[in-house]
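The same chain A turns up in both complexes below, where it pairs with chain B and then with chain C.
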Partner chain A sequence: MSSTVNTGNTTTIGPMGAPSRRNTELALLVFAVLIPVFAYINVGLAKEGTVPAGVLGYTGGLGLLAGIAHVMVRKFAPYADPLMLPVATLLNGLGLVLIWRLDQEPTITTDALGGAMAPGQLMWSTLGVALFLGVLVFLKDHRVLQRYTYISMVVALILLILPMFFPARFGARIWITIPGVGSLQPGEFAKIIIAVFFAGYLMVKRDALALASRRFMGLYLPRGRDLGPILVIWALSLMILIFETDLGTSLLFFGLFVIMLYVATERTSWVVFGLTLSAAGAVTVATFASHVQSRVDNWLNPLSLAENGGVTETAQAMYTFGAGGILGSGLGQGYSRLIGGIAPKSDYILATVGEELGLTGLMAILVLYGLLIERGLRTALAARDPFGKLLAVGLAGAFALQVFVVAGGVTGLIPLTGMTMPFLAQGGSSVIANWALIAILLRISDTARRPAPAPAPSTDAEMTQVVRP
Partner chain B sequence: MNKPLRRVAIFCGLLVLALLVRVNWVQFVQAEELQSDKNNRRVAIERYSVPRGNIIVDGKAITGSTKTDSGDFEYKRTYKNGEMWAPVTGYASQAYGADKLESLYDEILTGSDDRLFFNRTIDMLTGKEQKGGQVVTTLKRDAQEAAYKGLGDKKGAVAAIDPSTGAILALASTPSYDPSSIAGMTDTDQENYQRLLKDPDKPMNNRPLRETFFPGSTFKVVTAAAALEHGLIDDIDAKTETPAPYILPNTKTELKNDGPHPTCENGSLREALRVSCNTVFGKLGADMGRDKLVETAEKFGFNDPEIDVPVRAARSNVSTEMDKPQTALSAIGQFETAATPLQMAMVTSAVANDGKLMKPYMVDQLRAPNLNVIEQTSPEEMSRPLSPENAQKLQQAMETVVEKGTGTGAQLPNATVGGKTGTAQRGVDNSEKPYAWFISYAKTDQGSPVAVAVVVEDSDASREDISGGGLAAPIAKSVMQAVIDGNK
Partner chain C sequence: MSELTLTVMRLGFLAVLWLFVIVAVQVIRSDLFGTRVTQRAARRGADQNRPPAGAGRPAPDRGRQSGGRGGGRQRRGAPTKLVVSEGTLTGTTVALQGQTISLGRAHDSTIVLDDDYASSRHARIYPDRDGQWIVEDLGSTNGTYLDRTRLTTPTPIPLGAPIRIGKTVIELRK
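Then we have the complex of A and B:
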């Protein structure tokens, strides 16, 4: 990738200015649109033996979204990272195809389960891209967000606490239901807003947190009064775990805080301290909360039967992955519907990838996520202001943790949690929030890579006249 | 802030790496195990995704496959004359799995057996649907029909063997069930299955292979063989020293004969077999002792838990821990003696084959979809319970039974028939209806083509000899006739 050659330019701004790389982005976008279109045709051929009727509309729709996004980036963020938009488009496009492909299975597309979900997801994706464009147009400079540090904190707290007052769905209280509109997963938005809060807060406090400490056994221990914030966040994430029964969100927020704290203070002691706290919290909660225990049991014995003698979702997911083997069964030819319900379209969408695209396809998807994370972290490295650095590492870190927690849970690496795979999985909140996340990262990278404005011509030279006697 | 940033980047890289390693583990290392897990529904989906290969009798298929629209499974098993062939085929049901030959040769029938790898690859490359192989049985349609129709609406079982090879020619069980009726997974199939399970007559039991009965007087053939082999009797026409009634050793219990048989007193072996004297055989058993009787019985296949034809037959039992009076009772087929119809057919076939017992089998060939033979069963000697001379002596005695004894109902015009009748008592104090037994073989110029064992429920079995000869012998006769006619 030519962008690696470019890295030298992103950190030091030469007088020549960095190339904008918009044409690279355009070329990559063509692939990002064509690959899902081929996948779409592939499903049609496999299931019905014909090219699906909607292929033109789908190509047009996805192409139009990608095209508009590209033109707007060209205009409003010309120096933004060229990889993030194509990767996000590709993942979103593939997600749409996978959901449409699962819509073709009558057993999991009954009215009781909400019917076909691809049209809705397409609408959410459009809204997501619209929000993406909105952020690019109206957020001229990411440093503006710094002004809203404490407002962000309040909003994030509300978003995190709100689901406790709504009924649990699928065993987790991470939804808020608005009658007539549908349900939202506020955690997805909270992850962006809380990153803004952490970035703003740590920007101000980092010196105090970093320097006022005592050295003990090779570690710099923070002062008691500086422990306050981390303990509050820790308590909050434990409460999420206990009351919303959501291990994923809890892990995400605490992990995000520890990462940002570490980057802000450059003190390893915070990481050690954070890990100790989270381990203590996790063990305590796992010992007392039954729903966490059952998740852990499922994780340790994924293939054991449910109490009623049926095959569990976890086992079905494992069978689905196993069925894929190295090359997969081909799109439209797997049996991931056996997982049942809407789970194959949302939480377990990676299982369908694993079965139908095989180990090869699944690894390609994971590498795409890895690439997106890497571009986010690179943006953090390139950013010139501490707030931008912290915000970028927060967003990229949150994204990485989410991918790890979801994919790790689905494949049985860690206990399962109730989060969704960004862009790929069915779910309006997730797709909208993640498009906004990408937009903010693009804004930061645009600022970082933008050539410094040419020094204003020194007016002194004109104004100061040598008065000759 | 760039140093910790780089470390965070490495950490995130490790997270993604961990995921990549994990998916390799699940989809590559564990894949095989997950794919064949017994709870993985894909196994059943695959089993019914292609037309299932057929089970063949006399060159014609007795099974078929039909397209269904019942959810996951594309094809459903069908059976031609399913009730008659059920003991042979077993069933392959979308809802209840597979049984008997359908289960044992599942991989051949679905085409997923390793030996069909080449065919499968060719089919895949040429874009053809995977096809199942065939299981060719040794059964004879006419013999099976004679057996099944002979049993009619009575409860019973028939097993017929070719003595010279061990090939099973007929295997009938009544009342039977139609495996087609439970092959699908609709509500009707489930109702049928539940009804079959609850039916007091147990139609899904495989009586000729999997159910044991008291062999009654038919076991006297085994006792006679043991007496000849162990030198207790040399001349089958020589008188024995047997009182009637005979007092069981160490007891005061009298062992009587069924009815007035004056010839049983000091009767010869031939005479004792002809009228079925309990006294003579009881005393023979007690005189030779447990070990000798058990030794011969085990050579015939008793007490062998692994008689695989290839469907595993139930273990036929002769007690190895009985005392002297119990040995006397066992010698006339009582006490703990129990035998499957197949076992008694094996006894008869060994006698008919001049003392050589061939291993019974019912699958002749396994064939690939293109009819290439991938496995051929060759006849195998199992044991030699009798010397040829003793076997011929016993044949003479058994032929007398059919000529002028209790088994006259089995006489054939074009073959010599040797046989023995019996009654299997059931339940405590005969509370349930007894079963009538008849075992026999036919002999022509070319040797013996068939040995058969018939057991049939007989409500009028007041006297054991008449009952076996009256109901069971005609069935045995028609089965033997069908085999002889078929060989012409």
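Then we have the complex of A and C:
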């Protein structure tokens, strides 16, 4: 929709802006549904030699989910970004296929390990899309969230603290268990809610944080009292690290705060501060917390023997990448089941991708994540209100940090942390929360890309009548 | 399943995956470089006989525009485009096709000046009957300068002479 109106014999240039682009989205969505179906058939042919029986049901199910989401976006967010929904659908669909593919391995699909996980994951994805639709329908304007700045702080804190009172699973206290329903990871939801808090808080306080500062050695140092919030968040993330024994969540929250602080104030000094503080915190904690130490040891010496005398999972993940090579072994023809447990379905799902699709496929997946994040940041650029800008940066930043923390951990760039790859990995909370995150981003981008209402035709615009005394 | 089929599927899947990425990037690209040039004059010029004074509505964007040739009406040596050579809009060009170009901060000017020293309706540039381009100050607060002289009356613009409005410099070029 151009912002220009032609009145006669002129040439006008206007930003082509965003025509609604829903048809582009539809075409990409069809593509995004067909790729996982291709993968599904590929796995079936490789494992059993036949096209899997559930292919029609799977195509129908994924297609139906994507179709409903598309129709609702068409109705409730007609100017939203055309790329986010297809990319999210593709990642979710591929994740389902990969989990189903790992379900075909009897050694890691025993009852003790929870059995087949693809049906459950499909159900969580459906719930995720339902929440996505709910957010689109009920959140008419993202600025409403601004009213809940401090409430969301309290809610996020509760969600973060809650898991401390529940028993640790897989070495981390990030789950809460509701008897009869199952368990969920509140941290996944907290990351959205805390982005709302940071956005609302920084929008109000950014001038104080940006302007009241002294210059020292080329850096703008904030005043002592303005350091308060960053120190509080730092302490909080350290507490998560110590008491919940979860490096990933802790890194995510502190990183998110530093990113948003930097975007809000344009002061590099915050980034320097943030990096210094997190490095100091991590080193300090690593000296006395044994679980962090073991993670760091695994990272530094992946090839040394694990405590049980076997190979460390980090080393196994590296072997899978090595086995995959450039082009991969082909879907359904890898051996990532050897990692054992449910790890290949959750934390190490990228290892499966790396082995069966090779470097080429892994790069494609990472580029897809990159595209999703880029669209989030572009939404932030296009958004007109400061709250929307900060919120979009926060959500895209949280997503990016999560991808970085997991991919970095699996590929051995940083010590491994217990987070899930958004959309791809097995885990209900993660899928649901990330669909909600995408919905909020779509809502912001719909507001940002909606064309400005056409100015009322005025007689002035026709010919400039100049009246001079 | 034969080895060949599986190999073809393996490579085919990677190709399809990357095809999706490429298509997605194309979609982004059309979002990034989207400016639309609407040339009413070129399309409907022949049957339009009203005086060429329709004021252009806003909007030099990031300055991507085809330098439209003004057809056979242009004299030899006459300027064909207006170029902003200094100021925040540097690089913006507007094809001269016999229309009046209004300059100012008002959002409906042909060139919307984002300049603290510009008035909302600052100046206009229009062709007289002979096709000579004239710049006229519309009673602006800080004045319009052609070269170094402040304009008091409508003045013909020599080719390449700088017209200054605040920090913005505009020239007519061939």
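FYI, the second predicted complex is superposed on the first by the 435 of 469 C-alpha atoms of A that agree within 3 Å, B and C clash if a C-alpha of one lies under 4 Å from a C-alpha of the other, contacts with A are read in each partner's own complex, and residues count from 1 in each chain.
Here is the rule we go by: contacts are C-beta pairs under 8 Å (C-beta built on N, C-alpha and C of every residue); 3 or more make two chains touch, one makes a residue touch a chain.
Predicted model only: the values in this text are computed from it and were never measured.
Asks: Where does A:Ala39 make contact in the superposed view: on chain B (first), on chain C (second), on both, or on neither?
Replies: After superposition on chain A, A:Ala39 lies in contact with chain C alone.
Asks: According to the stated criteria, A:Val87 is in contact with first (chain B), second (chain C), both, or neither; which is it?
Replies: A:Val87: touches chain C, not chain B.
Asks: Is A:Asp111 contacted by the first partner chain B, the second partner chain C, both or neither?
Replies: In the superposition, A:Asp111 touches no partner, neither chain B nor chain C.
Asks: Quick check for you: in the superposed arrangement, does A:Ala380 touch first (chain B), second (chain C), both or neither?
Replies: In the superposition, A:Ala380 touches chain B alone.
Asks: Just checking: does A:Gly358 make contact with chain B only, chain C only, both, or neither of them? Give me first, second, both or neither.
Replies: Touch status of A:Gly358: both partners.
Asks: Touch check for A:Tyr319: first (chain B), second (chain C), both, or neither?
Replies: Only chain B; A:Tyr319 stays clear of chain C.
Asks: Common interface residues of chain A with chain B and chain C?
Replies: Shared contact residues on chain A (touching chain B in one complex, chain C in the other): 358, 367, 374.
Asks: Can you name the residues of chain A that touch chain C in the complex?
Replies: 2-18, 21, 24, 28, 31-32, 35, 38-39, 42, 45-46, 49, 82-83, 86-87, 90, 327-331, 333, 357-358, 360-361, 364-365, 367-368, 371, 374-375, 378, 455, 458, 460-464, 466, 468
Asks: Per the contact definition, I'd like the list of chain C residues that touch chain A in the complex.
Replies: Contact set of chain C toward chain A: 1, 5-7, 9-14, 16-18, 20-21, 23-25, 27-28, 31, 34-42, 45, 48, 50, 52-61, 64-65, 68, 94-95, 97-100, 102, 107-108, 110, 121, 124, 138-139.
Asks: Please give the residue numbers of chain B that touch chain A in the complex, ascending.
Replies: 1-9, 11-13, 15-16, 18-20, 22-24, 26-28, 30-35, 37, 39-42, 45, 71-72
Asks: How about chain A: which of its residues touch chain B in the complex?
Replies: Against chain B, chain A makes touches at 107, 259, 262-264, 266, 303, 305, 311, 315, 318-319, 321-326, 335, 338, 354, 358-359, 362-363, 366-367, 369-370, 373-374, 377, 380-381, 386, 389-390, 393, 396-397, 400-401, 403-404, 407-408, 411-413.
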